[in-house]
Amino acid sequence: MCAPIFQPVPYRAEVHIVSHEQINQHLTNWTERESTAEAMIPLIGRLYRKNNVVTSVYGRSIINQSVIGIIRAHRYVRQVEDSELSVHDTMPILEALDRLELGTAHIDIGKLGVKYRDQGGSESVEDFLKREIAPVVGKYGEESKKNEGNGTKDVVLYGFGRIGRLLARIMIEKAGGGNNLRLRAIVVRQGGAENDLEKRASLLRRDSVHGPFNGTITVDEENSAIIANGNFIKVIYSDGPDKVDYTSYGIDNAIVIDNTGKWRDEEGLGLHLKSKGVSRVILTAPGKGDIKNIVYGINNDWITDEDKILSAASCTTNAITPVLKAIYDEYGIVDGHVETVHSYTNDQNLIDNYHKGSRRGRSAPLNMVITETGAAKAVSKALPELKGKLSGNAIRVPTPNVSMAILNLNLEKDVSVESVNEYLREMALHSELQKQIDFVNSPEVVSTDFVGSRHAGVVDAQATIANGKRLILYVWYDNEFGYSAQVVRVVNQMAGVTYPIFPKRTRD
Amino acid sequence: MCAPIFQPVPYRAEVHIVSHEQINQHLTNWTERESTAEAMIPLIGRLYRKNNVVTSVYGRSIINQSVIGIIRAHRYVRQVEDSELSVHDTMPILEALDRLELGTAHIDIGKLGVKYRDQGGSESVEDFLKREIAPVVGKYGEESKKNEGNGTKDVVLYGFGRIGRLLARIMIEKAGGGNNLRLRAIVVRQGGAENDLEKRASLLRRDSVHGPFNGTITVDEENSAIIANGNFIKVIYSDGPDKVDYTSYGIDNAIVIDNTGKWRDEEGLGLHLKSKGVSRVILTAPGKGDIKNIVYGINNDWITDEDKILSAASCTTNAITPVLKAIYDEYGIVDGHVETVHSYTNDQNLIDNYHKGSRRGRSAPLNMVITETGAAKAVSKALPELKGKLSGNAIRVPTPNVSMAILNLNLEKDVSVESVNEYLREMALHSELQKQIDFVNSPEVVSTDFVGSRHAGVVDAQATIANGKRLILYVWYDNEFGYSAQVVRVVNQMAGVTYPIFPKRTRD
Amino acid sequence: MCAPIFQPVPYRAEVHIVSHEQINQHLTNWTERESTAEAMIPLIGRLYRKNNVVTSVYGRSIINQSVIGIIRAHRYVRQVEDSELSVHDTMPILEALDRLELGTAHIDIGKLGVKYRDQGGSESVEDFLKREIAPVVGKYGEESKKNEGNGTKDVVLYGFGRIGRLLARIMIEKAGGGNNLRLRAIVVRQGGAENDLEKRASLLRRDSVHGPFNGTITVDEENSAIIANGNFIKVIYSDGPDKVDYTSYGIDNAIVIDNTGKWRDEEGLGLHLKSKGVSRVILTAPGKGDIKNIVYGINNDWITDEDKILSAASCTTNAITPVLKAIYDEYGIVDGHVETVHSYTNDQNLIDNYHKGSRRGRSAPLNMVITETGAAKAVSKALPELKGKLSGNAIRVPTPNVSMAILNLNLEKDVSVESVNEYLREMALHSELQKQIDFVNSPEVVSTDFVGSRHAGVVDAQATIANGKRLILYVWYDNEFGYSAQVVRVVNQMAGVTYPIFPKRTRD
Amino acid sequence: MCAPIFQPVPYRAEVHIVSHEQINQHLTNWTERESTAEAMIPLIGRLYRKNNVVTSVYGRSIINQSVIGIIRAHRYVRQVEDSELSVHDTMPILEALDRLELGTAHIDIGKLGVKYRDQGGSESVEDFLKREIAPVVGKYGEESKKNEGNGTKDVVLYGFGRIGRLLARIMIEKAGGGNNLRLRAIVVRQGGAENDLEKRASLLRRDSVHGPFNGTITVDEENSAIIANGNFIKVIYSDGPDKVDYTSYGIDNAIVIDNTGKWRDEEGLGLHLKSKGVSRVILTAPGKGDIKNIVYGINNDWITDEDKILSAASCTTNAITPVLKAIYDEYGIVDGHVETVHSYTNDQNLIDNYHKGSRRGRSAPLNMVITETGAAKAVSKALPELKGKLSGNAIRVPTPNVSMAILNLNLEKDVSVESVNEYLREMALHSELQKQIDFVNSPEVVSTDFVGSRHAGVVDAQATIANGKRLILYVWYDNEFGYSAQVVRVVNQMAGVTYPIFPKRTRD
């Protein structure tokens, strides 16, 4: 059963002759698009930095992208809509936006471009836009006056492990806009190395899984700080969450993101609030007791000003809850089981050694390891409709990142592979869960293809199994990066950093 | 969420004083048991070679075991029965067996020892045995006359890949008995190396997963043969299944085990029957068309003398069908889904490259890879009661061996974790599926612990999830070794090599 | 010897107070640089596409880079020169270049920017440039007339394995300029899959090691072609190198890059020349017999118009020869041994199985595997001065990419760690081997950090050992990507695609 | 360069006909040998337990071996001597030994068997033995009286990591003899799990690299002990080396093996001596300051009664020093460099994270990691002749166990591959370094083949490179098991557990 079979295959008859002109036309089209995309870059940058306008193409951010990145974002549309989209469609949109003295907003120029094209008529782009994004047109002056000095929100990373460093990467990347989160400090224990600060910087700079930091990092030994893409980040050494006076570093009213996993309840996390300069705390792990577990896109509107301590739930809960909500809304869920095939994490051992938890002491790179997980049960903390309906378990396997959740569901209605895939594709493109659910339809994708995915989860359409009322869905997720992106979304909401979004993300 | 938590734990007060005598008693007991086990070894060997009697302890073979292996086989009983079993219980049984001039049989001296002890009475061991194993007592002379020259069955391995080499290891190991399979030849293509024969021998001798061959291997260049533990195995170079005259090597009426996976239907596998000296063919992969797929323990009694071509199904089908049958018999199965988390196999690529199949071309050591599998559907070929009830899928992960099947079932009756585990423990110990189903109840086991398992599947009791009529079972299996053991069982039956078994394997 | 030691470390006294203004200044500087870099992008693109001018910053290409990529290229200078370099220094250079109607050239705006700044005087940028790059100033019109229709060279990939696909990625990336290589076709065997063409495209699109293709790929089933970033690439199915009529696809006078490894001598590779439309052949493996083995940077000037068949040597030979030449030139080499710790390649097996070569059949992801290599001996084919002086060997280890060569040398002169490192740093920055030798000086780098490196080899300065006349150097290399970049350099020279380079790459 | 080449190879003409009788003869010979080996087992066991006589065959221990293990030990001789050796040669030796009422000894029945056979004459086996092993003949009664109660030495494992557990496995295995080390306790920190004791036992019972424990393990919760093959091992929870009163557990005059790596100097390790019941301490890591670093076989005769604290050096120093000594003695060493390609250890991280040491924080399963090592320099602590002559470095690679040292040497004399290999083969068989140096001559061996090797290092003869006065040797070692075996040898010497060895291990 081992040797691959070789079967001779007859020649494919070659009939079509492609002329030199046709061949050259392909390349000319491409270089014209490159040229246009190059011209977009200063516009995109100016809108971002001056107007605090984040532009995107069908949910794909185009801030700080290369020319090819911009073209790819347009090309993606073809996979998901019937029509093509080109930079020639979106360039006029961008140019007009640049003239409209906009206030803060998230604007999808891809969707606007398609809409403008589809309406076909004689309306000018500028008139079209004045109608579509009316609330923010001409708001630039007013806002920029208001924001002087107070447009940003201080954030502190307590702990600087794998999630902590990815949160740093995301916040640094988004720091260019005016009204945003500012990563002001990271708090760690002295690690014992002479060159501790340089080591922290190095861990941010290079990553065996996610590759090099996108930007430049310098170490300011004198001030115990890391400067990353212009972000001055104080490195504070401390032995306890309640022992830091953040105000002495000019940090105030800060949100602390506790990514140590050391404390999970109100008492432990509450220690942060005793440190001067802290206003709110968020835990990057499931919280215990009455702490709200927030899955962005699902229950983030539960957050009130009174919530001083929140949890962003676990990576797996974030990956599965949006898809489960989508299925629940459309098909109803009787019950189900979620099995996750999960990459190893630093909590496990390299080779067999003592570990407090069951099986986790056994060598992670050498074994499949069954681990209990509360991720499926925790879904109901964000989506109470599913309370008592789901069981869950996880198998850790020897990959360093990206995991897969297998949703094995008994539904209330009949379901077919085609209909559920089409429904989820729609959700990925046009719903309010657009940032949470991604959709892939390829017979060749494997786990490493999802490294760096910023969605909470990605539905693998080719793997879907459906029969009667039974449905099995396969959801990939970058358990590090996708989760970190979700955490930053929650922190943004905690910080009151909200944007009007154009066009609105809903299914029609 | 990364740093493991350290919590100071108070000293455990030490109160019990253990005397030197107690300590020494432990070691003395052990050395006495060693001494007894040493004395058992010549008896076990003689019964095997002279009488063709295979002895075991609760299903664990004790042939060719070390002293410690024999003690461990006894100790295993403690995990599964309420009582202890010691070599002091089984030694008298063995000694008596040695005197009874037995004919061919499989005799579980562990179960007999417990039974004799439990009946407590004054009956002599010999009288007890004469009753328990009456059919074979005194049959030695009669059989040995009958078997002269015709007790064995010629077997040929067509292909010598991973399964082929493990089949060779198992058949060589069992060649010592009188009435058995004889591996007479392996058929391969010339591989292009100068020292081709030495390379074939080396692959049998050393294995990165299963360790060194248990015995000695020499190469007979002159006769193009490998001699392994006294088995003279001809290496035949051929370019096609129908091109060998086996009789020219003194091989006749042979069973050919096709482990190339190249042909799966009657037409292709039928080619073997055109080679002189072949009587029957078995495929170590799922067969196509009308070929019977045999899972030993389930439907091996479907084999008739007319079946010239059989399939031993796939490793996964072998792993899950016995457990599914057990559950079906006791609880009924409405429907279900089988997800296997599977080690990579040589069919995949080391790094991304072309592959005929979907996703299988992507790097196996770096990825989780979704692969379709017919293993769940194929269950009904051996167990028709489940026809149309199961779906299945597989995720290949970066481990080289041992896989896990997750049976996600909707049952007809309510089920609890305790009852289903207790039921499966019983099946593993006392049923006719004893060799197919193993049972483990440990909070620390992981996949590498099952390398070398000879059961078709091992139920991981600690992972079982049950709720109402929903049941999720986790079944480990050595997809190489466990499957190979099942194949050999089928070949034995094809060869008419059957044994009376004492005591009978049934649940009371 | 296992538990890491925890030692409490005293608090680092915090004395420096950093003002809000200082902190904001960092970010403002950054966003100003972003803004400038954004404005550079259309200039860089226009110079490339219109003038065929490739711009770089200290050897780092800035074509098709993102804003941050451009800033990073500038930042790199700080690591290697004493001075800083900013986009504010290079922007005026770029603007002037855009006005000078340049002809084809490679221009390092980083080095020119530093030189202009260093000379300090009152000369205008334009006057400075007219002197520095005089030969190409004003040549645009003349060239563009000449090049009409004949500026490019057809290239065919015979085979499409790992090296083949990376060659494709590099040639596609560089196709934007006017006078360049054009990847016109790939030739493969029918692989047996229904969707063969889609599979080829998918392998180009996604890679488990190198990540996604930077651009967009579509499949033109009708014309059996892949269109990648506007490059129309015919996929030709063939069973032999001498059986293709390339001219029937409009391909002529083509260079065939044989990346199958199937033929290594003049006779075998000569078959390609029998196919209509082929003018020259290059092998991406060591050639046998009299075939010239070219290591770009070392002996590429040996190529004459008469050479119809060339070899680009092996990845390891490419990695070590430049460093060996540098050392030989400065210190003399008595003798030495090169040990390479090498990533596995697709030539090995996933799990133990037959392989023609010694040890290579054993499982690659599970083992260290000693493999003989001719890479050290082959150095003398490009650098005859070292004939008979080097031995070599390789250990394959379980990483998928990036390797390390350890040069263990007995020199003719005394050497110290500082002097040799300083010398090699200079070579990496300012010599004619700038593209071949890279230099890293970090205490934290590991193999994955070098994935995607386009240098033939990277000296790890922190690992250098020197004592008397003994020197041990550690050279990292991306055995896939770095080698492919070297191959493309050779193909460019074969194609007569040469550029004047400004400023000239030499050590002063 | 990727696709393996397939070349048709002509059929090998089959000429030799092997008769049925010849084939059967092979198997009959084998079963006769099995039968003899079975009869040996009770003799081997009795000699061991009663007489404290350890028997071996050319250095391979046959204690507690299976039948096949015993035959393999004999077969090994063929690889290394010109002659064959069979159990028929050694059985008479064993039978005679059993009658001679021996005192404590290590007796190589393989070498004695060959010697007896070679002398050919008419001397009886018993007479032969009385001469060869005269000093211990008839000493049984005398010794057994003397040893009553005081023949063993208490040993305590401080720490229970990977090395600690392998030390436990070896000591338990050897506990059967009368006069030996007794593992009385292991000392650990409370690990935080409810079932801490069960977890410690489980780690001893199962290992992902070395497989299951060879024997039976039970947990005695009441007495906080693990009972392994009859060895009662107290588990003591403690927070410091100076805080245990061992005498309260009946342990006295004990040797403490510190395998934590936490303390490496006299002050730190001296803390153990403050605990009541401790007489000596040995560190399983390189010691600092004046602590003697002992490599068994090299400088173990430096140990005096005054040495209260010793170090067993590192695994790499143990692997290379014996081979270096052998080469130094025969060829002289001018200078050299030792590069080790080393498996990862638990000191590294699973995925990138903070680590005090350079590069060690980067993901171990994903990277080649350069790590400094003092192993080469430390050679001179055991072998002062090499002081100042060696440099060294290490590359950690993604394998979990077994490493390779590459000795790159400039010698004083000329050397050839054949002569140095023959010399090292001799050293492996007949010298006083027989237990330290092993020798393998196979074109197919890879790292996993050496898992479980008990030699300090294994010379890979096929890899040896020699040219003039330059020599490159490749030495495999199980960095866990081989090292642990060396440590136990040192502890035996510290305990005064010495044996007369017959025949003496020297080269003639």
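A, B, C and D label the chains in the order they appear, each numbered from 1.
Just so we're on the same page, a contact is a pair of C-beta atoms (placed from the backbone, for glycine too) under 8 Å apart; a residue touches a chain by one contact, two chains touch by 3 or more.
Keep in mind it's a predicted model, so treat the numbers as computed, not measured.
J.: Considering only mean CA positions as chain centres, point out the chain farthest from chain A.
T.: Chain D.
J.: Sort out for me whether A-D or C-D is joined by the greater number of C-beta contact pairs.
T.: C-D
J.: Taking the mean of the CA coordinates per chain, how far is chain C from chain D in Å?
T.: Centres of chain C and chain D (C-alpha means) sit 47 Å apart.
J.: Please compute the C-alpha centroid of chain A, do the same for chain D, then give the distance between them in whole Å.
T.: 52
J.: Where in chain D do residues touch two or more of the other chains?
T.: 2, 5, 161-162, 191-192, 199, 203, 206, 208, 345-346, 353, 355-356, 361-363, 366-367, 398, 443-446, 448
J.: Touching chain B in the complex: which residues of chain D?
T.: Touching chain B from chain D are residues 2, 5-9, 11-12, 14, 16-20, 22-23, 26-31, 34-35, 38-39, 41-42, 44-46, 49, 64-69, 71-72, 75, 175-176, 190-192, 195, 199, 202-203, 206, 208, 211-212, 214-216, 222-225, 227, 229-232, 234, 236-237, 248-250, 353, 442-446, 448-449, 451.
J.: Enumerate the contact residues on chain C facing chain D in the complex.
T.: Listed in rising order, the residues are 1-5, 159, 161-163, 259-262, 284-285, 314, 335, 337, 339, 341, 345-347, 355-356, 358-359, 361-363, 366-370, 391, 393, 395, 397-399, 402-404, 406, 408, 410, 443-448, 460, 462-463, 465, 467, 470, 472, 474.
J.: For a test of understanding, state which residues of chain B touch chain C in their complex under the given definition.
T.: For this pair, the touching residues of chain B are 160-162, 188, 191-193, 199-200, 203, 206-209, 344-346, 348-357, 361-367, 398, 400-401.
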